[in-house]
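In this document, chain identifiers A, B, C and D correspond to the written order of the chains, with residue numbering beginning at 1 in each.
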Amino acid sequence: MKKLINDPADVVSEALLGIAAAHPDLGVDHQNKVVYRADAPVRGKVGLISGGGSGHEPLHGGFVGPGMLDAACAGEVFTSPVPDQVVAATRLADGGAGVLHIVKNYTGDVMNFEMAAELVTAETGVEVVSVVVDDDVAVQDSLYTAGRRGVGTTVLLEKITGAAADEGRDLAAVADVARRVDAAGRSMGMALTSCTVPAAGQPTFDLPEGEMEIGIGIHGEPGRKRVPVAPAKDIAEMLVEPILSDLDFTGGEGVLAFVNGMGGTPLLELYLMYNEVAKLLAKAGVTVVRSLVGPYITSLEMAGCSVTLLKLDDELVRLWDAPVSTPGLRWGR
Amino acid sequence: MSAVPVDVAALRAWIGAFAADVAEHQEELTRLDSAIGDADHGANLARGMRAVVAALDSEKPSTAGALLKRTGMTLVSTVGGASGPLYGTFFLRMGTAAGEVETLDAAAFGAALRAGVGGIVARGKAELGDKTMYDALAPAADAYDAAGDDLGAALRAASEAADRGRDATVPLQARKGRASYLGERSVGHQDPGATSSALLLAAAARTLG
Amino acid sequence: MKKLINDPADVVSEALLGIAAAHPDLGVDHQNKVVYRADAPVRGKVGLISGGGSGHEPLHGGFVGPGMLDAACAGEVFTSPVPDQVVAATRLADGGAGVLHIVKNYTGDVMNFEMAAELVTAETGVEVVSVVVDDDVAVQDSLYTAGRRGVGTTVLLEKITGAAADEGRDLAAVADVARRVDAAGRSMGMALTSCTVPAAGQPTFDLPEGEMEIGIGIHGEPGRKRVPVAPAKDIAEMLVEPILSDLDFTGGEGVLAFVNGMGGTPLLELYLMYNEVAKLLAKAGVTVVRSLVGPYITSLEMAGCSVTLLKLDDELVRLWDAPVSTPGLRWGR
Amino acid sequence: MSAVPVDVAALRAWIGAFAADVAEHQEELTRLDSAIGDADHGANLARGMRAVVAALDSEKPSTAGALLKRTGMTLVSTVGGASGPLYGTFFLRMGTAAGEVETLDAAAFGAALRAGVGGIVARGKAELGDKTMYDALAPAADAYDAAGDDLGAALRAASEAADRGRDATVPLQARKGRASYLGERSVGHQDPGATSSALLLAAAARTLG
């Protein structure tokens, strides 16, 4: 294992020290591993929090700031946070208008956020609504799985829902926007390499030269199938096709196309992939009106990418374009 | 029935033995979780059980209920992931069922065990054959009840059933947790949670019987 | 070689297609491989261009936009652009007030930009001034080398000089700011892994488990020395110490501290490194007033990082804080 | 002196042979550049020489000067890096020295070669022993001049001197170009540019002599 770390047990807490030092606009509760807007809670605004295992940076801590999250809690690497952390983040984000929990659909995340919501509501009376993100078309959404994973759409949902909260909407309305985004987003990912959880010390799986995994999530786990390495244009097809056959992306205001890097793939290749994706969408009659290219929801140093499509309407376009000011996404101010 | 019922010291020994076994098997648990999960089950549980041992050492709970509940609360607060709330709820429910008493007889321990397993179902909605820790724990509770009122024999039967349940997860296709994402590729791998649950029952047979 | 590419020969041109598709604010001259502000040239403003080999993204194309570069030319991977490209970029950027060439100090870059400057001035009469960036303390600046390499300071220089041009200063004044930034910046880098040039098909060098390279540049080349892998805090010392002993960073308005990712290192680790760097600077009496953490000048998928310190005065702080709107750096608008 | 002076067809053959040799040795050049550079010399020069062949095929220059200048301009426009301007300048200066003539005798070719090498120094400021292409080209030009007026013998002497100059770069510590960043670690590796320059002279000996 080759990493820029000290003791593997201290990776998350030491990275949080770095985040605190690098971003004066953010506060960090080091005890509970919560990153929050230094000016939180914002009175009268619905608070937005999220969280999950670490190793997906900039998600979630890098999306804390005006126009996006109020707080984010960082679990151990690939391990959902514990309820105490979620409770602490909820308290920090509560400006009197209730708090939205944005939860990626993994058994651990759902259970820990659930326990936290029960606890914090019992203790403080703050109103909590949870929205679960489940956009990964690699997973059959059926009785035979834990349901679809929450992946790329999470980034877009945090941005758009953050803008809705910024407009002063109430908790129900903000949660409604979040659910609409989740319903309109679909993702599919692939890996050229695995990644190494610091505490595990070796790659989660072996992926020999010449092979790749299709249908991976964001936890260094194997995917749905292993196939020979292929040219970018074929990979783009393997990712875009299942998305398009899951949801009709024609019509409306068009889509937001998001090519995400898994952490170890250079931007040069992500732009090349974006070109392939854009060509496929054009051929399928899907109009791209917004785009995002870069490593935004990662899996440590895994090489690979995911494609997310989000179907937009006028309102979602407006909320996407609204100002945001976080370490990971920033525009308009 | 064994001469000595389960007292607080025995429960403390059980927890200590489980913590030691988890530490010893940490790499194996992580390796199993690498194959069909995200390579953190060993580190998660080891971190949690270290915290439990530290909490029990500093608090020295004086009843079975207090000890088991402290164990559960500590796990909930330190493990995270799926196994944190599940094992946490297991011990919390066990503690509630055990109550504020200093000893548990075989029947009371059995009832607490059953309550703990019920907590796991309540939290995780697993069914038999889903390829989870429940596949080790449910047969263990059944075997315990079926073994009659000799505590030692019942615990041994439970541990053996847990081992069989753990082994039986190998050919299954996962339907719960992270392994379910793999679909058919989850077949042929032993479930990490069922493996740690078998360690838990083995530690019980060693220390409480 | 595992990469999200098609034919290795087409990597740069296909990535440029992706950049054009993803960024409506940018124009791309695909013939000459030049990325430019869609609204270039800006009348009366000094034009800023840079360029170099590809594989360092977001540098340079990702830094084209208001407040930073007017155009950037992309060479083949790790190969400086040819004069024709620089000429095309210069023409695109020329708004009548002359054009500044920002050149990283490599023999190839310097020669190609030099030939281009001669050509374009002869052909069009546009006034060109070149500033060479040479900030890498790993290289002895002596008669026995090609001089120090241009690395991390380049990013900061393009931002700050872009702000100076935005203020309407003339070419000599803008070039003067650029030279001041170069004189005030120092960098040092390290690698945990090599990287693979697509056309070469295999890693530029072997770096076994347990070893790392100290004093690398940004072209996947071996560094000054190979040493055993060490904890992050020791690595931070190996990078910070040579910088501090090269230039006095105490006093003034403090420094901008920049921890840069080489491409394959996750943000989690970069923040952890930033924490180590910040601790060392505090101990050395160096005051950090601005910071930047992330992969901004990369070496394909190389794992590793570099540290850049830039000594600031009031004016440089103000120019750094000024609005910028590029794919790679964006704030204030 | 050989019976046949160097005419445009011979020059075209030389360039074609060099292009073929570069293509054949592309991997070797890149491997050498991996050790002490950035792993692109093979690809750079192969791309450039492909473009040169295409340009000469479509333009069919009719004088030595035009052919050599077209070669140089094409290299400048397609190679990039250090070797693009250097080889480009080499051929541009050769072409200027050769002039708009249809044949070059041994002396004229030698003068053109000398001018080309001078161009490399003018651009790159290399000195002997800096571990660059100049270490192959300078001895080649000297050997050519020293060999007298038999073109074939002169070219063979030049090629042999270039090979020796290339080999002599191995023990040197680089003082120019990217390899200089390595300091002492550049010692023990053959310079990629000197290697391609030796190919250039070998192709000349084969096609012009």
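Following the convention adopted for this analysis, a contact is a pair of C-beta atoms (placed from the backbone, for glycine too) under 8 Å apart; a residue touches a chain by one contact, two chains touch by 3 or more.
This structure is a prediction, so every number in the text was calculated from the model and none was measured.
Visitor: Counting only Cα atoms for the centres, state how far subunit C is from subunit D in Å.
Guide: Subunit C and subunit D have C-alpha centres separated by 32 Å.
Visitor: Roughly how far is subunit B from subunit C, going centre to centre by Cα mean, in whole Å?
Guide: Whole-Å distance between the two chain centres: 54.
Visitor: Between subunit A and subunit C, what's the gap in Å when you average each chain's C-alpha atoms?
Guide: 29
Visitor: Can you tell me which residues of subunit A touch two or more of the remaining chains?
Guide: 77
Visitor: Any chance you could list the residues of subunit B touching two or more other chains?
Guide: none
Visitor: Touch graph of the chains shown: is it line, ring, star, complete or other?
Guide: If you draw each chain as a dot and join those that touch, you get an open line.
Visitor: Can you identify all of the chain pairs that touch?
Guide: After working through each pair, the chains in contact turn out to be A-B, A-C, C-D.
Visitor: Any idea which subunit A residues touch subunit B in the complex?
Guide: 9, 53, 75-84, 106-108, 111-112, 115, 138-140, 143-146, 149, 197, 199-200, 204-205, 217, 219-222, 224-225
Visitor: Going by the contact rule set out above, which residues of subunit B touch subunit A in the complex?
Guide: The touching residues are 30, 34-40, 42-44, 47, 76-86, 123-124, 173, 175-178, 180-183, 185.
Visitor: Please name which positions on subunit C make contact with subunit A in the complex.
Guide: 2-7, 11-12, 14-19, 21-22, 54-55, 57-58, 62, 77, 192-193, 209, 212, 229, 231-233, 235, 263-275, 278, 288, 291, 293, 295, 298, 300-301, 303-305, 325, 330-333
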